[in-house]
């Protein structure tokens, strides 16, 4: 009813200071909430992409027992069959066969336990952005004999530089220990310190030769068009290739799965907490507004405004304040968000700290329309709920007494 | 100036509108309790990470060759000469102690499999004192100082398909690149809580390890354990003096793991920011209440001032009223929050399945830890106090400047 | 038939302990077109009687009939609606919504009755003109004098074409000139539109203008004086 809306709207501005204070609270709370939302979502997405694009991919295929035992001799039984199985599958962007070995990396000064990945550069191109992490040198320079990519951290630990010599020692397929010298072709640095410590890269052919088998592959990494397809396609592949172990990224890295699942969850909780905090203020403000208008409310009920309409008026007032604050808060939040969306939030000062957790130094916040929509709905619900008590108090008034106060 | 009167007035004024005061204080209570819970959990997990890092990793301090930090090679192993060692022991006294170590990567082999592993040369008694590793023994017995046997992690045992009493072969690089090779029967199997250690751990008695790597009794580094960080810092200064004239230095664990320190700081800061946002939101709500409380009494104030009450007394009263609401809220929050935190500190919540595995990988126990550190409580009080002080500027300013005559006529 | 009839009306508080009789066995009839005041000292029950007639309060015993309807028989929701359509109220103060203009205040009552916007506006303009405030349509109460505010209240009470208007101390906060002004208007409406006015008041000026004076003492009828023309 038009007058009811008009009345509710005007009533908000009767006590400008108080209404503005409340709106300010809502604006700040919502804006801050959205910003944190965006940052956390951005962090999560970044970590995800980092892992997936650098080495995990969406699906991996291994020998049945490989992931449990991790023995060098557990190579994929029928690589050709796997290749055929992969042909013609929908949504596959690319795949790469990899050869792996666990062993020791040693220089004159030091040694370290590592996982050696023998890669096929052409195939890797299609699925991984790993080579963007190379900060010095070349991506497995063909002119070197047995070129090797080593992390910056390991290079320091072992005191080697580009062109330096290191020895890799590991078990070949026969079970014998074999050693070979490698030359440092390039130095890489990812945003994940743990990854850096544990990994070195060599040419697949070189590693296969040392292992003693030209068709020795331990892993197939598959990149899809979208991460959501991973489970389905993994299932399809399992049917086609029953003797090997096929897993999607969520099965391979429960850590990642939890990160993706719970990251958003935690932010919703934060938003709900802010809204709960705001509801105290809303409740108080509206109760004060009701009690200051006892005579007027009594009068309205006396002349014939039903209790329902009186209650509705209170709820409308509350909702107006909350929605104004909420919408401005959203605009403010989106505004600040868009400032950072392009350039990202530069946390270089914390770069090393973030790398410890596996994050890049520049965070690009991420907000989807649905997040904004859900936020506004939550604000609305909070307002309505907070209005219940004041509305009830308003209609409990006895008109005859109220007017006479 | 009668302080008691002012306090009495302020207190009574608060209760004129009981419902309003309670809701306002309630909002502070809400924020404080949430902030306490969050802060406590954060700090608790930090404390746990640090504790693990100290007990299983770096110790409070380390004595190393100055080059060792950059390049942790056995080539920089050292020996403390007798008088320095004696001085060190005297310095440490009863509560701190020094643990010499030999640490290096090797290839470990079982019957048919070979794996990269970490040999740690330990003095069993001291090691146990540091981290109670003997509690993790699942099979066999603890090493003695003079044994020529090993204890290995259960993960490693499984990977190499070895059991108790089987023989472990190790090959590695020793001092100045000399080959280090040895065969040792397995005296005990340890189930280490930190999974990544469990998969590669080989404990060897210090003497034997030093011999294995051709180090002639030298240690790659010494860990210094103290009972508190404060003691450790104090001791560090003394040790520095002691080490003058050598190629050695003593480093604090924060120097040894700067990334960890920064990571924890980042985590703490982001947690604090979230709490601060909540507090600011609540503060605006409080402001609304204070605004109303001030404006509705303008006539009353006008009467008081015209009767002769000095404005600054009035301002003081308003100031105290606002502060009291805050104190009420914060106080109640801490009083209610403390037992909750205390309970969970003693009875940590076990983590759900997924998180549990995740956390174990990082070497933490699968429980939600709660800290009782005073800073957790102090932060709430201080933050709220500062915000309240900002809020009080309004009623104070108003009391000092409002026009008397106008408000008398209402 | 009288538009208002009270039959053996009692209002008793604390009936079980120490009973207080706000109204005692009141039987009164009011006809259409009356300009009547109910008078009596404080505590005589005049406000209570007004509340009974206005349906704002329920009797302990006895009945109130308005235009033949026993209002006690109405359900709560229906009673509110009945009040809305049949009774006009003018209170001593707090009659108007401070945030609405005079026009909006008057329109309010018709909108509550779900009248269409066109009729509402027409009627609102009409009654505001009748009370002499055609030039103050868009003024808020704070921009009007006490007398003007009460006139808007009267306009509002009339706007819904009630059966009668109840006025509880309408002149109490007004100076002489404003009070006379207000009374003139009410008297004019009473004559021209046959609108029934029932006042509860101390104000001599009102009592003088009234054609019937009902005096209550201690909740009971003391005197019922109909003045000859």
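Each chain gets a letter, A, B and C, in the order it is written, and its residues are counted from 1.
FYI, a residue touches a chain if its C-beta (ideal position, glycine included) is under 8 Å from a C-beta of that chain, and two chains touch if they have at least 3 such contacts.
Just so it is clear, the structure is predicted and the values come from calculations on it, not from any experiment.
Of all chains shown, A has the CA centroid lying nearest to the centroid of every protein CA atom. Distance from chain C peaks, on a Cα-centroid basis, for B.
Between chain B and chain C, the centres computed from C-alpha atoms are 74 Å apart. One inter-chain figure worth recording: chain A and chain B are separated by 26 Å, centre to centre, where each centre is the mean of the chain's CA atoms.
Chain A and chain C have centres, each the mean of its CA atoms, that are 68 Å apart. By the touch criterion stated above, chain B contacts chain A in their complex at residues 19-20, 23-24, 26-27, 30-31, 34, 70-75, 104-107, 109, 112-118, 159, 171-173, 177, 200, 258-260, 262-263, 265-266, 273-274, 277-278, 280-289, 291-292, 295, 354-355, 357-358, 361.
For chain C in complex with chain A, the residues that touch the partner chain are 47, 51, 54, 56-57, 77, 80-81, 83-85, 89, 91, 93-95, 97-100, 104, 107-109, 111-113, 117, 156.
Looking at the complex, you find that chain A touches chain C at residues 1-4, 6-7, 10-11, 13-14, 295-296, 298-307, 309, 399-400, 403-404. Residue ranges of chain A in contact with chain B, taken from their complex: 15, 17-18, 21-22, 24-25, 28-29, 32-33, 36, 69-71, 102-104, 106, 108-114, 156-159, 169-171, 175, 177, 193, 254-255, 257-258, 270, 273-274, 276-278, 280-281, 283-285, 287-288, 350, 352-357.
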